[in-house]
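Heads up: the structure comes next, in structure tokens.
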Amino acid sequence: MSDGAAITMIDELDGDTLHEECGVFGILGHPEAATLTALGLHALQHRGQEAAGIVSFDGQQFRAEKHMGLVGDHYTNPATLAKLPGAMAIGHTRYSTTGEVALRNVQPLFAELEVGGIAVAHNGNFTNGLTMRRQLIAGGAICQSTSDTEVVLHLIARSRYTNSTDRFIDAIRQMEGGYSMLALTRTKLIAARDPIGIRPLVMGELDGKPIFCSETCALDIIGAKYIRDVENGEVIICEMQPDGSITIDERKSTNPQPERLCLFEYVYFARPDSVVGGRSVYVARKNMGMNLAKEAAVEADVVVPVPDGGTPAALGYAQQSGIPFEYGIIRNHYVGRTFIEPTQQIRAFGVKLKHSANRAMIAGKRVVLVDDSIVRGTTSIKIVQMIRDAGAKEVHIRVASPMIFYPDFYGIDTPDADKLLANQYSDVNAMAKHIGADSLAFLSIDGLYQAVGGEARNPKKPQFTDHYFTGDYPTRLLDKDAETAGSKRSVLAAGG
Amino acid sequence: MSDGAAITMIDELDGDTLHEECGVFGILGHPEAATLTALGLHALQHRGQEAAGIVSFDGQQFRAEKHMGLVGDHYTNPATLAKLPGAMAIGHTRYSTTGEVALRNVQPLFAELEVGGIAVAHNGNFTNGLTMRRQLIAGGAICQSTSDTEVVLHLIARSRYTNSTDRFIDAIRQMEGGYSMLALTRTKLIAARDPIGIRPLVMGELDGKPIFCSETCALDIIGAKYIRDVENGEVIICEMQPDGSITIDERKSTNPQPERLCLFEYVYFARPDSVVGGRSVYVARKNMGMNLAKEAAVEADVVVPVPDGGTPAALGYAQQSGIPFEYGIIRNHYVGRTFIEPTQQIRAFGVKLKHSANRAMIAGKRVVLVDDSIVRGTTSIKIVQMIRDAGAKEVHIRVASPMIFYPDFYGIDTPDADKLLANQYSDVNAMAKHIGADSLAFLSIDGLYQAVGGEARNPKKPQFTDHYFTGDYPTRLLDKDAETAGSKRSVLAAGG
Amino acid sequence: MSDGAAITMIDELDGDTLHEECGVFGILGHPEAATLTALGLHALQHRGQEAAGIVSFDGQQFRAEKHMGLVGDHYTNPATLAKLPGAMAIGHTRYSTTGEVALRNVQPLFAELEVGGIAVAHNGNFTNGLTMRRQLIAGGAICQSTSDTEVVLHLIARSRYTNSTDRFIDAIRQMEGGYSMLALTRTKLIAARDPIGIRPLVMGELDGKPIFCSETCALDIIGAKYIRDVENGEVIICEMQPDGSITIDERKSTNPQPERLCLFEYVYFARPDSVVGGRSVYVARKNMGMNLAKEAAVEADVVVPVPDGGTPAALGYAQQSGIPFEYGIIRNHYVGRTFIEPTQQIRAFGVKLKHSANRAMIAGKRVVLVDDSIVRGTTSIKIVQMIRDAGAKEVHIRVASPMIFYPDFYGIDTPDADKLLANQYSDVNAMAKHIGADSLAFLSIDGLYQAVGGEARNPKKPQFTDHYFTGDYPTRLLDKDAETAGSKRSVLAAGG
Amino acid sequence: MSDGAAITMIDELDGDTLHEECGVFGILGHPEAATLTALGLHALQHRGQEAAGIVSFDGQQFRAEKHMGLVGDHYTNPATLAKLPGAMAIGHTRYSTTGEVALRNVQPLFAELEVGGIAVAHNGNFTNGLTMRRQLIAGGAICQSTSDTEVVLHLIARSRYTNSTDRFIDAIRQMEGGYSMLALTRTKLIAARDPIGIRPLVMGELDGKPIFCSETCALDIIGAKYIRDVENGEVIICEMQPDGSITIDERKSTNPQPERLCLFEYVYFARPDSVVGGRSVYVARKNMGMNLAKEAAVEADVVVPVPDGGTPAALGYAQQSGIPFEYGIIRNHYVGRTFIEPTQQIRAFGVKLKHSANRAMIAGKRVVLVDDSIVRGTTSIKIVQMIRDAGAKEVHIRVASPMIFYPDFYGIDTPDADKLLANQYSDVNAMAKHIGADSLAFLSIDGLYQAVGGEARNPKKPQFTDHYFTGDYPTRLLDKDAETAGSKRSVLAAGG
């Protein structure tokens, strides 16, 4: 029974995508809190496939279940849910950015405080997590995990305030970065979003009971009603009263700043049926494709989406351009493992395990391939190869977002800057040649802003977080300035 | 170590689909025969997710690996493939029709004969399997599995011929039904298709080495070339000669009859990128949608596919009707397990685990839902409910195949006739009301024939197998006439 | 889910012991037949640790559970036993002699016959198993396992008799060798022992219901009463009558021959608390030690048993010689796995994982080490080394059985003849030197006969089976004469 | 991947024994530190079968492997040991007293301090653990485990000293109770024993490299040399110097007090081949049996040990009394799981799964049963029942230790006082009747003292820890006085 044992993951193609680290879900006052949390996390599975945890409180005791793997691998077991009684629960599904893969890093994390227990889960990343951790260790704190979330727990434990809400706010005021956070105490469910609202967090209700979750799709799966987004810099405290009623207290943790949601939520992370910041993600993506068709038209016979990320944009591109939309690439639903490649290598092997060319829609055709983004470009090369092998006359790549030049520090796992395609070639034609495409075009930053928010980028006061495209980081970067991210690793590597 | 132990399956919605039982793959003369077979089976995974087996021969010894679960769960392990040396292999991926779930039923099955070992794998079902089994047991044969394939092995073992090819042909001549079969001996790879070619089987080659597989998509994944379909009633014997060359001997097992491929391969089973009987499955499905739009037009704002089966037909419907195609239903890729439903029931629960309504494309809209087929209708009810809950103004269902009235006996797992929606209501309006749709229409049988083959059904000499729609069974049904299918079960239920 | 997957075994030291292959247990008419069978097999676990299987019949259906590993690993699970309903069951625990390790070889084996199903389990080995298998395959039979038991099933299936009892007797009359066999039909529990009774089999009863099992210890664990040994060449048929009563029919399968029980059952295999052939195994072993003390006295300070086999003999030796009996070697109860030896090798490493020297009883002492038998001698070398390292002044080995010169063909897994210590050295002094002992002595064959049966060996008509010591095989050896045992392996190696 | 998942344990009979919680092992400067630690823990397996952990340091990074189950279940895997590189390691095998069963409680525990990482493992229990934990939480510390060891880590982390040795000593000075403790820093292996030396700890060496372990048997298995016992109240700091040499610094953590080793180490816990406090455990146990024979003689035919604890004492009893020693009870080596008892109950069921009566040595005999101790007496009842069922004429129980009246707080898991047999009956005859024995006698406290140390108990200054017999606790009991042990439980119950 190892706690770092074999993990089943849904691999993305060659790691040539960006990873979001987490989804969160919490509910207060519902008799089947853990069951609903499991369903909510299942709907948020796309935000993290590495591990999932749930903590519940039954009036007497906090209970935790944490498991490596998909939500459906464990929380479909009635025995597992039976171990999570109570009307209050928070849950977390994760892809790791900081912190190695080990069960003790799986959230929610829990601490027994003098004022009672507290469990915390968050999506995002602190830009001063390492700095704070060092200060805490110097002050005699023991860090059991390598997760930034534990830093918050320590700050809560060491706060001079007596009330758990005050301690929580005291703690998050010391943290910088992008985060959406949920906390569970013996009577309260607390939700908080970072000062500029980089990561999303919404509030809903089911039978009058408050729910918080990363995306609206987690409300839909359980038939809950969307109320509003948690605002940037806001803390909402829902408390179960002795008479069974629930009070809701809305506060600000910081002085108001303009909200800047992460654009990549619209480009790639959020589920298309979610509504983020009041905007349909699906509509935003179709708009990206439409704007791309306006900006980068090409004569062609067929518009083919690169599944699944590029599909809405491809549909938008097709509708705008009038070129027929066709499934030129078929996705194999049974992915997840890396098969062994024969010695006699197969062209585009990695891609073929997951996708196949639909020859009838490709052969002899001029194909526009629409993808959501290009990170390293390694997958694009194989896809073009596969499309050409299927007989395409021309292959034109259209990317529904701008070129990526800069790393992220707010919860998105980006490769080293020099691995990014955009940093390897000076112009788009060289990139097209590298990939093997007849032409290549990216959506402009203004095209993206307009697709999402209706207006072009305001360079003085950008409406969204967009540093991966522009280098304009929305906060200072304390840890990064202090040292390299590599030293963030704990010296205990726990395999088991 | 149980041989009937826990199985991970990709559940279909409520079992409200038809199941195909098998995919087969075989290759002769290639140094990485087992690795290529594993890849081929992965591409055929949609034909059976219950178990997969591979038998190889290395010049000295036959080796078998059989595992419950997906191909990728086991055959991605180098240690497993290392146990399958040799340049000859056949593999099988299965969904069980006859035969309970137990490892000893997983194909390929093997027998040691006086003339040497032989392994057999097949896709399809024998209509006289039970009858033959009874005769064999009366003659002192011992049946270890409950699989029909074992009957063929016994007939081979007891044949009076001395040559393995002659024994094989002698055996299959005694069997009736629909099947595509592969056999592996110490020197030969043999492929055979039933007299009217109900189940598909194609021949390809890689580096000059012959391959047989259920669909062309298994050739594509390894970069192999399609040569031709194995003909109905044909037996092809590929033999490795002492000098390393391969001879190919093409024979007929029976007198020629007209070919009648199963229409459901086009409607639902085959992968859209496969070419079956020389016809693109994707194009056939789009044609079904186009014909459906002609036959059953409706005023609407949006055409929404029921994923994934209905997607090509929906695209065809949209292109023909001019109504925009939109993703009104989003599929959750992380399915596979049945979550626990809260006591306070969630509307359309089962469907929501796998699909969600994309409200932005549904609310206030007149929706045309396009599905590939309706079996029991239980899923349709939930999908309509989910679409209405998302605010649809009208919901019109269009089904890209005719009503299903009759069970199958050739390898498709159909529910009891009285469970079929078409047998429960006398007219389509009553069905629509039952499902909750504003209207409902099915593609006509001629519309389907034209979509697939270009011509209407020839009632005297139907071009395809279509009994589920018409009751016109293409062969006699010996077992069925003799008794009920229930008694087909062996009296040994092996749980472990 | 592999059927040849990882197996947990209680390894014996370096394989330097003989292995018995099987224990059997059967009961008729008891409502908890499978539960009692599991307990009986647990008591017989020392006869085979590789796998265990149970078949029950509930009046409607035969059910089988077969699992690699110990009885306690699987049959302690209520869910597993619940899958074995009915008042009739037979079970088997095995160590393989013939037949590779694979679940499909685990007994009981089952066949559906025209006259109804039959399950068979046996302990022992057929000396004409291979010869019969060849005849059967030539006659068109398909062998799915590599177990000799399957040969019996085929003979039953092909018998010209109509009654299952007659078919069973017809089948075993064709088999030669040493065996104790149980069969279960829809109404009968049949027990049979080979013509000279090499392998043991006893009959007992619980609440008036008949039980058969390999040793009396399996009766003791469930509080059942011992009735008598099944006689050599006897077949006992217990039949459940329609009125619920049980009839017992005792027959002879062959002409009476004198019984010759295997001496190794007394020397090593049987549990000391069992009564075999009417003689207490424990008393027999103590007698061996006493006779050894008479035959091979030595001046010493302490008698130390080599655990656990040598313990009763050591006690006998001590009581006879007057030298104190002491635990000079302590057994580690947590064995089972082979630990990794450090590069800097540890003396007597393999032995130390399982035993340790009790220095307080060894240092400065003249030690008599008493062991039950010596096979290859590799363990003896390490034990002497360990005892010397603990400070022994002298080490004298006394072995409570004669030297082993010849292989067995009746169910005991013996190493190749040239690996046996007795065949490597011409005299006992050379052996002592090889092992590192100050002296070495073996019990004489007459000393052994007297210990077990009270009388010296009758060379013309030996009272026991003793070929491993004498070369006097009690039956002809058809397979061995026909060819080497190596070719007995099937050409299908099923890893999964 | 749960961290609280299914655990395989070697159950003791009905829980009717006392449990020791831990064994520890550490080595400094040996290239195969982890491999040797695994072997040492295997030899200490009897001290804790629930879980085992090893932490190593390779000069760069600490690595941890922790697994539920036996040492041999995991640390025999080369891949697991490969994850533990470095020349320094400490390991721990545990049976839990305080702290629930969960992987995060498995030792060694680790903390990253400002002065570098430290790993700690201990055997024993703190009598002020809960009190200290409360103080720490009030001071803002976060406790992730429910293990007392974590308290020590926090005290080290918060110590005002800068040097790790000083911090360690500062921390253990604040703890009360019985413990043997090992710590590993980047350069040091530190060993410490509680002020009166309740729990054992010895020092050895292999190739000049220092080793510490709970018992000498862990030295024997790897061929290491015993140097001396760590003294009570002593701290030994072994440090790796930059030049590769090792310095050894011996200190006192407290003012000297007389040593009082726990008597139960001699009675039951330690392995018989170990030397504890300079005395052979085996010899001490034989002495107990001899003294018992003097104190409580009885006319009988045979002395039978209750395996395995009672065996050496039984041998002593037999040698002293002249009554023959015989194996009247045979132990089944394949225990570990609880089988299902038939509805029709089996007499002495629980005992029979593990032991069986050797009827040949029992029937018609007057039997002296010698056991090491009686806790609740539930097992004794069943054993007497089994012996009587086997035909014993008389059954006399002789217990080689005094009656147990009081619970332990130093690492032995004792049942509630009212469950102890000695507290349920006023005199030994009533107990004998309750158990079903013809007579019953316990060794006197002086008899025990003499057996172990040669002298009777000095009531003013007892030479050993013996409160379970006498009520004379060797330290104050802060936690117990403050409240009940029940409230020691954390409010987080982590199932996964």
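Quick notes on this one:
Here the chain labels run A, B, C and D in written order, and each chain numbers its own residues starting at 1.
Note that in this section a residue touches a chain if its C-beta (ideal position, glycine included) is under 8 Å from a C-beta of that chain, and two chains touch if they have at least 3 such contacts.
Keep in mind that this is a model prediction, so the values were computed, not measured.
Traced through touching neighbours, the fewest hops from chain B to chain D number 2.
Distance from chain C peaks, on a Cα-centroid basis, for A. Chain centres here are Cα averages; for chain B and chain C they lie 49 Å apart.
Note: centroid distance chain A to chain C, computed from Cα atoms, is 61 Å. With centres defined as mean CA coordinates, chain B is found 37 Å away from chain A. Shared contact sites, meaning residues of chain B that touch two or more other chains, are absent. Chain pairs that touch one another are A-B, A-D, B-C, C-D.
Contact residues on chain D toward chain A in their complex (touch as defined above): 1-3, 5-7, 53, 55, 60-69, 74, 80, 83-84, 103-104, 110-114, 116-117, 137-138, 140-145, 150, 153-154, 157-159, 490-496. Residue ranges on chain A touching chain B, taken from their complex, read 10, 31-32, 35-36, 38-39, 42-43, 45-46, 49, 70-73, 75-76, 78, 81, 207, 217, 220-223, 271-273, 275, 280, 282-283, 308, 311-312, 315, 319, 324-327, 330, 332-340, 342-344, 346-347, 352-353, 356-361, 389.
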